[in-house]
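Multiple structures follow.
There are two complexes below, and they share chain A, which is joined by chain B in the first and by chain C in the second.
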Partner chain A sequence: MKIFKFMVSKIFLRKAILGIGIMLLLLMANYITFTAARSVLSTFQGYQETKYVNQEGVYIANLDPDSHIDMSIVDENGTQAVYDYLNSNFKYAFYTDGFMVSVPNSDDMEISLGYLNEQYYKLNEFELSQGTDLDFDYQLDGEIPVLIGKGLSKTYPVGATIEMEESVLGRPLTLKVQGVLKQNAYHSNYYALNSKTYYNFSIIFPVNEKFIDRASMDIQFNGLMDIILLDTSEEEIASLREVIKDNLGLSFNFFSQKENYDYFNEYYLHSLKIIFITTFILLIVITCLSVWNASVSVRLMLKDFTINLLVGLSCSKLKKIFYGYFGMLSFVNVALISIFTAFNRYGCWLRKDAAFATYGLFGLIGMDWLALLLVAVSDMIIGIIIVENMLRKIKKVPISLGVLQ
Partner chain B sequence: MKKSLFRLTDMLELSIVYIFCFSLNLLMEYAKTLDLDAYILKAFLKNFIDYQPLIVSLFTFIVIVFHYQMLERKKAEIFCRILVGGTAFGITIRYVLDCLTVLISVYLLSALVNFRFGFNLADNFYLILIFVTYILISAGRVRKYENI
Partner chain C sequence: MKKIIDLSVKEKIYRSKKTQISILNDFRLEAAAGEKIAVVGESGAGKSSLLNIIGLLDRNYNGEYTLFGSPTEQLHTSRLAQWRNQRIGFVLQESALINSLTIEDNIKLPFLYAGPDKKGVGEIADFDTVISAIEIKHILKKKPLECSGGEKARAVFARGIIMKPQIILADEPTASLDVENRERIVTLLFNMSKEFNTTIITVTHDLEIANRHDRVIRLERSA
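Moving on, here comes the complex of A and B:
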């Protein structure tokens, strides 16, 4: 430890510019690795979450991009007719969110409401930290059981009631907290798997047929956009497409399991490949620059290193000192990336951005920690390349010649 | 070139670090113009584009490293030149001119690429200001080696 302190303070820090140079290059390498790792992990999480749509007999609805929405044609009777058809002929998973309401809470966040039916709830297997599962067989004029995110559980523990002045039913509602979702429970967008909204400040609202019948057109119409049809066939889908066209004047696409896989392979795998290749090339370039920087350091500090070797410092000890020094720089960089990420995440709390507010150790969520682990692995690889290259350069010069430099 | 502190390898090294910085800036400018359908790629690139000036500026530190190591290596040569009749002023001027020659050549090359891709020629200009500052600061160090 004494010799390590001596080498760092008397040799490395005496030429601090070289150390800062390596540190900045490493910081860039870490940032690139961290960003790429998070993109891939987030996409993977999204894929895992929405894997259920890749099953035979499952079709996911999507408004045809060429279909123009004419709101003068879309009316409550039309949407109701579509839901009547759905209720009598299909098993479907209904989910829609993004309805913001003001519910008093300790963090003063705007609350997002997510509406889902029993089929969707079963497919997603929501994990609870407290309370019991949702009950979909409730009376509309009584207390409606709901799930809430962790952020709301401080103000509304299990069993508490939430009074909502306005609702999609057009009248005040009383909600009863049935359970609390695990922290950082999320929902991924079907068409952008790496994009998520977190449920920490959300209320998950169970909907049944009666609820949809009485709800406003907004929720009915939005729910149709991402509706998932289960255990069905191409023929039944074709007739549903006709019903939607006749009642709402809209063309819908329904993607099957094969189309979902094709979409994933074409869209996501291709994008992930580009991210992987870009990251790899950038890391190689940065590693080359770091090796150049390290060679420069050896060139300028050769005399100091060889004098120490002359007076009894062994090569293996020098190797350990180099790895220790590199580990120190790497640790500082990983800490900087962590602080930067934690600050970004904390920004969502400051902006009162309920959809992205997350909980975690030092402000970082699981995905961030996993990405930091990958950063540490990449640092180790870059570290081995740089240190071994430095040692090779030092060993190439005879001690007597190095001392005379 | 005969009286210059620069050898061919030094010129090459300096050109490479300048080219790297200009290319990085150019790549970011190019990334901004991409019309990507894939949200995942857009989100990935946004992490870099949002911090473009900071990232490019941090990378310019390798130019500081070059100037620093170049002058550290040449301190004996500077001292010897002064010993045989050279002046610190003359050495400094030649050093600055050599650095500027390399910088201007690389900038013209990058301007050509900018022009080819239809980017604004001023996009790279802030790097010139940064690099000229580095050259002037490092030129001030030449005088330091008058007496070693």
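Moving on, here comes the complex of A and C:
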């Protein structure tokens, strides 16, 4: 350890520009790997989550991008007529979120309300850490069972009630905590699978037909945007499309999840592939630059290495020192990225950004740790390439007295 | 006298992409404790290569080498490093100092590799005695770049003898020194040999210095 400390402080770090150079190159390589790894992992999670809608007879609504929204002709009667048609002819999963409410809580976060019906609840298989499943057969005048995110469970344990002015119905409601969602439960975007929102500060509100009947146009309209039709066919959807057109003046597309995946593959996956290939190329370039930097370092430090070898350093120990030094640089870089990521995650808490506030060891969630593991693996590969190249360089210009002349 | 070096080199080959140079062909060297040997010869004859081999820095040659009674081919690299630390001292040109260290740290560098308690190390020279004898106390806290050539040469010498080695390998130790400093270094070397029975092998171009050794080996460049 004493020898390692000496070599690092008195030899390696004395050539500051080279030390900083390799540190920055490594940091760049690590950050690129980390970002790409997280994107891939997040996309994979999105695929896993949306698997349930990727089956025969399931279609997801999507407003036609060419359709012009004229809100002056959209009214409550129109949206209600669409829902009446849906209720009579379809089995559908309803989900909409992003309705912010003020509910006192220990973290002083704004709370997001997510509304879902029983079909959506069954499809999604929400995992609970406490309590029991949602009950959709309730009376609006009584206590309404809800699920809450982990962040709210400190203030509202299972069985507690939440009094709030609910904006969709425009009246005060009493909610009863039926269960607590697992830590960092999330919802992925159907069309951008690597994008997700977290439920840690959400209230999951059960929606039934009575609720939709009395709800404001906003939630009815928003709900239609991502409505999932189950056990249906193209013909039935064609008639629904007509009903929507007649009542709301809007053109809707209904895509199967396979079509959504295709869309994703065509646009998003393509971008991911570009990110992946660019990352790979950048990693190769950075590795080459690091190897070059290390070669220059060896050339400049050869005299110092030689003197140390003359007075008792062995080549095997020198190899260990090189690996130790590189391991140390890698550790510092991984720590920097961890701190940066933790700071970013913590920023969501500071900004009271309920949709992205997460829990995890040192502020990092599972996906971050996995990406850091991949960074460590890539560092090992880069490290082996650099160190072996340094040793090859030293062997090529053998350590000898000639070096000192 | 006790033989401590028994080296027999059939050949040492240096290869480049286009050429191949063979040196030290059928070279043999035996040296006893306390003996002073000078190695002379034109550039490229293999003088430094010979010191590399004797100093256990180079094992890539065709031949046999027994040092302190042990065949070196069978020794682990860590043992070779230990011998370089404790039994072989290198006295080199004044440039052989680490510029980022003070003169004191340069001289004490072998202590770092001798382990915390210098376990297994024989008697080592007393640092203060060496420094006084070599008259470099005034530069101990200086960096090499702040010292004169003569001062640096003496610092390199101090580092070479600080572990009281049984063999000192001197590679052109006086090459760039003035007459006064040259004489000083040579006297220090010879006193070391006389006082501690140290074997000294000096590579030099200076025939006057060479002739003051017990014997002179002349290396010829291969055809």
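For the reader, a short list of remarks on this structure follows.
What we mean here is this: the second predicted complex is superposed on the first by the 393 of 405 C-alpha atoms of A that agree within 3 Å, B and C clash if a C-alpha of one lies under 4 Å from a C-alpha of the other, contacts with A are read in each partner's own complex, and residues count from 1 in each chain.
Methods note: contacts are C-beta pairs under 8 Å (C-beta built on N, C-alpha and C of every residue); 3 or more make two chains touch, one makes a residue touch a chain.
Bear in mind that the values here come from a model prediction, so they are computed numbers and not experimental data.
Of the two partner chains, chain B is the only one that A:17 touches; chain C does not reach it. Of the two partner chains placed around the shared chain by superposition, neither chain B nor chain C is touched by A:336.
Applying the stated contact rule after C-alpha superposition, one finds that A:309 touches chain C and leaves chain B untouched. Applying the stated contact rule after C-alpha superposition, one finds that A:317 touches chain C and leaves chain B untouched. Judged by the touch definition given at the top, the superposed model places A:365 against neither chain B nor chain C.
Of the two partner chains placed by superposition, A:41 touches none, neither chain B nor chain C. Of the two partner chains, chain C is the only one that A:3 touches; chain B does not reach it. Common to the chain B-facing and chain C-facing surfaces of chain A is no residue whatsoever.
The touching residues of chain A, counted against chain B in their complex, run 15, 17-18, 20-21, 24-25, 27-28, 35-36, 39, 43, 191-195, 267-268, 270-272, 274-275, 285, 289, 292-293, 296, 299-300.
On the side of chain B, the complex with chain A involves touching residues 13, 20, 38-41, 43-44, 47-48, 55, 58-59, 61-62, 64-65, 68-69, 72-73. The residues of chain C lying in touch with chain A in their complex are 48-49, 51-52, 55, 57-58, 60, 77-78, 80-82, 84-86, 90, 92-93, 95-98, 100-101, 105, 109-110, 112-114, 116, 159, 171-172. Within the complex formed with chain C, the residues of chain A that make contact are 2-3, 6, 10-11, 14, 303-304, 307-317, 398-402, 404-405.
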